[in-house]
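Take a look at the structures listed below.
In the two assemblies presented below, chain A is common to both, partnered first by chain B and then by chain C.
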Partner chain A sequence: MSPRARVALLALAALILLPGAASVIAGLPPFGATIARYGERINAITPEARHVANMVSAINFDLRGLDTLGEEFMLLAAITGTVILLRGRRGEGKTGRAMRRPGRAVIPRSEAVVLACRIAGPLTALFGLYVVLHATVTPGGGFQGGVILASGTLLIYLGEGYVGWRDAVRSPWLDALEGGGALLFALCGLAPMLTGAAFMQNVLPLGTFRDPFSGGLMLVENLGVAMAVAGGFTQLFLEFMEETREADEPDEPGEESA
Partner chain B sequence: MTVILPLLFLLTAASGTAVVLVRDPTRQIFAIAVNGLVLTILFDALQAPDVALSELAVGSAAVPLLFLVALMAVRTQPPEEKS
Partner chain C sequence: MLPYAVAAWLFGIGLYGIATSRNFIHLVGCLGVCQSATYVLLLGLGYRWGSIAPIFYDHPPGTPAVDPVMQALVLTDIVVGATLTALLLVLTIQAYKRGGSLDPEKLRPMRAGSKSGRGQGSSRGKDEERTAP
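Coming up: the complex of A and B.
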């Protein structure tokens, strides 16, 4: 397509889309306006109905829990796809060293970095656990806590290097975490049906408002999401890191691997 | 609050523009990380701490790191002769 035709197409698209966009923007509530009606409703109903202080958790894991279940499996499918695409023979061994290709200088790691990572790693993991466990009372929840946990494992890589990282973070554990988390979430949907309740109905005792043990089933679902996200993200990092490593044996095309 | 929000919006615009204008891939990744950090502060100022936490972990740590590693994997190929 010639540049002139492209500009003409752009002008045509702008002519059609801009009035719509302008009217939508003009219809938005003014910046800094009071909370919208839906938010006010949620704020009024949820503390009494579900005994949780974090409304976002209440929506994600209870009122619209089915959506979150779908998102959970989207994440699982995306990471499974990445693993299938990237993993050759390289995903299996853990003896080799990363980034050791001929003609590539190896820069020694400074002691300050090692110390900083050894201090920050456990603290990051602890904060991740805190975010997961306080999902119903403070901002955050399973996804956020899970990602923080995964970045905690990355600090091991930054501090200890590739071999130490592969030694501490085992691929089968990550598989178990990821799949187990998704299974736990799915079971949270199915288990209430055994008691005659609806799919994902909150059948556990709701607990007291502003107590970490509030929200009933939400806590278990949060745990499932945290496991799946922490395992999945670490798996993703691991597979990408493997790409920079020289394989012990070359991948054979068409070979059944992983 | 009146000063902080416009300042943060300006910072967001500036760091976003920087991501587009920086042409070196390695520097671009760091520009993305900085943009993620600015967005984190903006989300926090707009009272969305949940989103801020996600943005901090995903936008300014996980995604730039994956990009860095991908770039590294591309660069570890033995260099071709330069013409």
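Coming up: the complex of A and C.
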């Protein structure tokens, strides 16, 4: 199909969808005037009911924790699909650690970059942990903290190079982190059922308001999400980097490695 | 009304990019633009003038706050979107390896016979890429 025909088709589709879209747009609430009743109630009730200050965390890990569980498995499925598609026939044999290819020059990094990464890497990891642990009191939580932790490992790559990075970050650990995080989240849902409570009901003590140790089960679920996100995103980066490397021998006969 | 207009514009321009795209990576980027329209729309829907973020640490509970449900939804959206972008880029890499081209128009059906068919396909794709305008 030519680009012109595609645009024409898009215009036709837009024309058909226009009445529906117009009625939806007309039905939108005026901007900034009011918020939905549901959110209003959550803001009013949850601080007392759950002893947490961060409403977004309360929704993600408690009130609508089931949604987050589904999201967690979407994350797991997407990353698993990525890893499987990228590994192809290479399998798991060569992902243990990086080999330095003989005869291939290692591009030297400037000392300033190495120093900056060595200083910033641990600090970034520490900040990631801080964001994860303060999920219930400050803006933050497992998702954001997990991504910050993953970017902390990328600073190791920037400073130490690929071989050093692969020596520090092992693929099986990442698998364990990612799968273990999802498992921990699922167990948080199932464990309360042993005591006769509902799925994912908060059975742990709720703690005191405005204290990092508040929210009971939410902290554990948060930790699970952080593990899964940090492991998963680092794994993504690792697999993409493996893809750009020249393999010692071609993965599949008759095909040059990309 | 401006946030809604921005969201509609982002979504429209992303959709136009998807429709006219000649490159898979460009396509994934346009999908990202479409997705950012959903962030703007959700945050716009949950906003209320004179409200704080839904975090009652510095402000006592009961202070007017914006809708926390929308913010939680945006968080979900971002995480799932990032991993799905990665998945789509991987599919792009594989399509390029097998077909030798990033143009959606040049996709050919994959052959059942794996090795020879794939080698053939990749060499043919390279030729096509060279002759492409």
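Observations, loosely collected:
One rule holds in what follows: the second predicted complex is superposed on the first by the 215 of 258 C-alpha atoms of A that agree within 3 Å, B and C clash if a C-alpha of one lies under 4 Å from a C-alpha of the other, contacts with A are read in each partner's own complex, and residues count from 1 in each chain.
Please note the rule applied: a contact is a pair of C-beta atoms (placed from the backbone, for glycine too) under 8 Å apart; a residue touches a chain by one contact, two chains touch by 3 or more.
Everything quoted here is computed from the prediction, not taken from an experiment.
Touch criterion met: A:151 reaches chain B, while chain C stays clear of it. With both structures placed on the common chain, the touch criterion links A:241 to chain B but leaves chain C unconnected.
Of the two partner chains, chain C is the only one that A:68 touches; chain B does not reach it.
Once the two structures are overlaid, the count of chain A residues touched is higher for C than for its counterpart among chain B and chain C.
In the superposition on chain A, no contact is made by A:217 with either chain B or chain C.
Of the two partner chains, chain C is the only one touched by A:36; chain B is not. Once chain A of one complex is fitted onto chain A of the other, the partner contacts of A:137 are limited to chain C, with no touch recorded for chain B. When both complexes are aligned on chain A by C-alpha atoms, chain A residues 56, 139, 141, 143-144, 233, 236, 240, 243 touch chain B in the first and chain C in the second. Looking at the complex, you find that chain C touches chain A at residues 1-4, 8, 15-16, 19-20, 22, 44-49, 51, 53-57, 61-62, 65-72, 75-76, 78-80, 82-84, 86-87, 89-91, 93-94, 96-97, 105, 115, 118-119, 122. Chain contact summary for the complex, chain A toward chain B: residues 56, 99, 101-104, 131, 139-141, 143-144, 147-148, 150-151, 154, 233, 236-237, 240-241, 243-244. Across the complex, chain B meets chain A through its residues 49-50, 53-54, 57-58, 61-62, 65-66, 69-70, 72-73, 76, 78-79. Chain contact summary for the complex, chain A toward chain C: residues 1, 3, 6-7, 9-10, 25, 28-36, 38-40, 42-44, 47-48, 53-56, 58-60, 64, 67-68, 71, 74-75, 78-79, 81-82, 85-86, 137-139, 141, 143-144, 210, 229, 232-233, 236, 240, 243, 252-255, 258.
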